[in-house]
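Quick one: the structure is below, questions incoming.
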Amino acid sequence: MNLKELYQEIILDHGKNPRNLRKTENFNKDAKGHNPLCGDKVHIYLKINENKKIEDISFEGQGCAISMASASIMTDLVKGKEEFEVKEIVSDFLDMIKEKDKLNNKILHDDDKTKLMCLSGVKQYPMRVKCATLSWHTLTSAINNSQEEINTESN
Amino acid sequence: MNLKELYQEIILDHGKNPRNLRKTENFNKDAKGHNPLCGDKVHIYLKINENKKIEDISFEGQGCAISMASASIMTDLVKGKEEFEVKEIVSDFLDMIKEKDKLNNKILHDDDKTKLMCLSGVKQYPMRVKCATLSWHTLTSAINNSQEEINTESN
Amino acid sequence: MNIIDIKKEFPIFNNKVQNNDLVYLDSANSSQKPLVVIDRIYDFYTKEFSNVGRSVHYLAVAATNLYENTRSSVQKYINAKEKDEIVFTKGATEAINLVASSFGHKYLKEGDEVLITELEHHSNYVPWHYLRKSIGIKIEFAEINQEGEVTIDEIKKKITPKTKIIALTHLSNVTGAILPIKEITQLAHSKGIPVLVDGCQSAPHMKLDMQDLDCDFYAISCHKMYGPTGLGILYAKKKWLEDLPPYQGGGGMINWVKKDDIGYGDLPNKYEAGTMATAQVIAFNESIKFIKKIGIENIAKHEEELIKYGEEILKKNNSVKLIGNPKKRGAVLSFTIDGIHPHDIATILDEDGVAIRAGHHCCQVLHDKLDLTASARASVGVYNTTEDFDKLNLSINKCKKIFNLK
Amino acid sequence: MNIIDIKKEFPIFNNKVQNNDLVYLDSANSSQKPLVVIDRIYDFYTKEFSNVGRSVHYLAVAATNLYENTRSSVQKYINAKEKDEIVFTKGATEAINLVASSFGHKYLKEGDEVLITELEHHSNYVPWHYLRKSIGIKIEFAEINQEGEVTIDEIKKKITPKTKIIALTHLSNVTGAILPIKEITQLAHSKGIPVLVDGCQSAPHMKLDMQDLDCDFYAISCHKMYGPTGLGILYAKKKWLEDLPPYQGGGGMINWVKKDDIGYGDLPNKYEAGTMATAQVIAFNESIKFIKKIGIENIAKHEEELIKYGEEILKKNNSVKLIGNPKKRGAVLSFTIDGIHPHDIATILDEDGVAIRAGHHCCQVLHDKLDLTASARASVGVYNTTEDFDKLNLSINKCKKIFNLK
């Protein structure tokens, strides 16, 4: 295991000073996520315009460095993207965390991918994978407006 | 262990042809006993006169050779005795089966004691002790007319 | 399949019991354990022990993975559709109590009927009796035929518009009858009735396929299946586990907890309250591997031959009366001897190292029906041989001699 | 008492965990097991295995005696008045569920109050919540004071004429507070209210005396007490066990069974339905012997010194905030570090072989009250040393460095 890989500077920075940690005014979609084991919570707010573009995204929540950094980086990356693009990014990220070596989507720039890959250190810490994926599952739920609260216990 | 001691001729005889296996007419006290583990059942009937003497005793029931022989020998021995004597015999017998080497009561004749000691072979078979004592516990219950059904599970 | 080699994997047979070789014919009560299972418990406690699910340190993560591996193995072994359909309990008894309580309190009301059979073990009767007492449901008994079987026709006859669940054994622990579960489930489902199967006696001896059987609930007892004591399994279709309320409440089964309300966790955590039998679950994976290594078909074939052999030898013994005569007899042979009570038989057999069970085998309703207070039962596992039945027969003859029977 | 010798009796410490010596500070979650206990399980399965209570053959008789011996040992160890007051369960969680269900359904009705505390583990809250849902009882929470304790005065304040049972922990698994159970029981009994004590955290660390405490119910978790997983104990006064209805139904707990009615068995069988955790019960006798050999007073003294040492060292660490400040702290030390989430702490500590727990420790109500989502917890057993706390502190400093804290 490699703590340095897990707690890279960028993770610590985003964990300490999360971007988009606020509540979007006039959000039109949202969802809550929760990890019952450790108590981590996240609430994602989306403002999607008529062209299905994410005009704004923000989140509120509490959690460990990994989960806060993950939410922070995620919100940064998907802002301005279109819904179908976001879905592809999310599933690419989840695949990467689960098993793949790298990100394969054609949407993100290489430097954004590099940022995201900083979260891959979590792969060596099975109990912490949930921390990294909570906000991503919750984003999917918000987009689908499925209203069901995301609960990483089962993921 | 010693099977020959357990299944002595006298036990086999009483087991096969139990004495007093009937229901006393005009009985004035009775009690039921039951061993839930093996299904053994016994119902004891007493006719006790105004002088507290056991005029008649009988039993109905089903069970293994040990339990039938024990009930048969017991009923034979206590018939005609007075209540206080019977109580002493019962407790002496139960003590013997539990821990003592011999019977100490002054009521029974030596040849009756010998008969009773035939049941002591059961001491080497802990799971079978209940078979030998069921009718004795039930007799106590009948004398006390406690109405509670004897259940050897806990004894 | 070489039985002698397999028997060597069970250390219990290395030691004499009261100077005799052990002839263990009490596997329907509980099976002996192969060394791989015992070793797994030992290794887990000596090198890897931690509680599961709750901590993030190395040992806890490893233990949690091992624990969940067993769940996956069980899922595959019984061909359940999803891993989440496997719930660990303390035994088959708890598994049935769970269903009776959770299903019963949600779906049963006064006058509703639960259909069980005369073959049922007390574990599949008492939990329903509780509902009879508390809710006022009725319990109907499908009756046995001359052979000690319960037929599909009998089930058909006993289903009424008020039947809300059918709960029945897969393999009788007394008559050895194997019930036509797949047909019964089809029939029941055609009338919208769920089916619970008590699989205690079938699981160690038959190939299990939940998706083929299509039953709603299936209860398994791990200690009868070459596994550790203190562990059982409830298989339940996901729709039921999602739909029914949880059973016991405690740590690990919640989602969120406030002073005024509580949200329950997802499957299968919802049904696994408190610290589970960690070591036992982890070791049970070895039981499954053990069975798979030999092949359940080979085990079944071996046991079938054994029981046929036992049946023949006992039929030739003029004092012995076999109980039940099912078309296909599972791994048990129950019998009585006129003139010798089953407890006396068991005691005398024990003197020769022959371990059988005597009593009502937790089936008093069945014994009442057969007009018996008790019976003797010889039951087999993968380690038994025809020689064991020879010894049984010899010892029975000794009983007869002691009791002066011919 | 020589801790190094005692530590040698726990084989887990012979192996490195990820190249580190194991610093096990997660005993409140589950304790490690001494070799005598592990060996007992091994020997039982390899040489003596049989199911208990049901068969009359030699192995079954021997196993039954061993099983009952543990019951006697437990009785003596906790100074219960009678052997029949000891009921084996699958865990403390089941023990509390049993009482909540059996007592609740017999004695509680809408509007009645159950008094618990803010310190309670979910295992001593969720089962009462079920009754809130099904019967409509109310659950009152005795509040903690500044130090994280629940005082007798607070209990007095929360008792009303509607209080029907008080259920509370003996030793908090988060703040380490030890509650004045004897005084609370006296107070409660003076008002005719029975008391259930969750003894999970106290049993491994304190001398227990049921007759002195005089509580009505006491729940114990054997795996936290150097015993096997999958086993718990419910102590209950005989009058309650006689009075209350049984919990689970199945084999072994009945007296007679007919198609239309069932009679339940005597104590303690009435509460032990189905095949019990035989091997675990038998092995737990060794746990008790192990504790008795060292002496619970010696264990308590050692752990007290340890906790005092840990408390001092952590108090000196400027970033660490201890949770609770009870007059006498039991074997747990919970804390937070401003700027580092407990899960990050636990992961970083784990890298050095330091195993602690992070989370809400199944006490969400308490964490809400303390305005925390999670905390870190170091807890000790007889095998811990002051060196373990030195290592903990070193690793905490490593966390701080990674997170750029001073």
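A, B, C and D are the chain letters, set down in written order, and residue numbers restart from 1 in every chain.
Here is the rule we go by: a residue touches a chain if its C-beta (ideal position, glycine included) is under 8 Å from a C-beta of that chain, and two chains touch if they have at least 3 such contacts.
These numbers come from a predicted model, not from an experiment.
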* Which chains contact both chain B and chain C? -> D
* Asked: So which chain is the furthest away from chain D, centre to centre on CA atoms?
  -> B
* **Centroid spacing, where centroids are CA-atom means, of chain A and chain D in whole angstrom** => 38
* Any idea how many Å lie between the Cα centroids of chain A and chain B? -> 78
* To do: Take the average of all CA coordinates in chain A, do the same for chain C, and state the distance between these two points in whole angstrom.
  => 46
* Structure fact -> Residue ranges of chain C touching at least 2 other chains are 18, 54, 56, 60, 254, 256, 343, 347, 358-359, 364
* Can you tell me which residues of chain A touch two or more of the remaining chains? => 37, 125, 128
* Provide the residue numbers of chain D that touch chain B in the complex, in ascending order. => 53-54, 56, 60-61, 64-65, 84, 254-256, 265-267, 269
* Hey, which residues of chain C end up touching chain B in the complex? -> 18, 339-344, 347-348, 351, 358-360, 364, 367, 373-374, 402-404
* **Parts of chain B lying in touch with chain D, wherever the complex brings them together** => 34, 36-37, 125-128, 151, 153-154
* To do: Report the residues of chain A in contact with chain D in the complex, numbered from low to high.
  => 1, 3, 6-7, 12, 16, 37-41, 62-66, 125, 128, 131
* Structure fact -> Listed in rising order, the residues of chain D that touch chain C in the complex are 11-12, 14-15, 17-18, 22, 26, 29-30, 32-33, 35, 37-38, 41-42, 45-51, 54-60, 90-94, 96-97, 100, 105, 121-123, 125-127, 129-130, 134, 139, 141, 221, 223, 228-231, 248-254, 256-259, 261-262, 273-280, 343, 346-347, 349-350, 353-359, 362, 364-365, 368
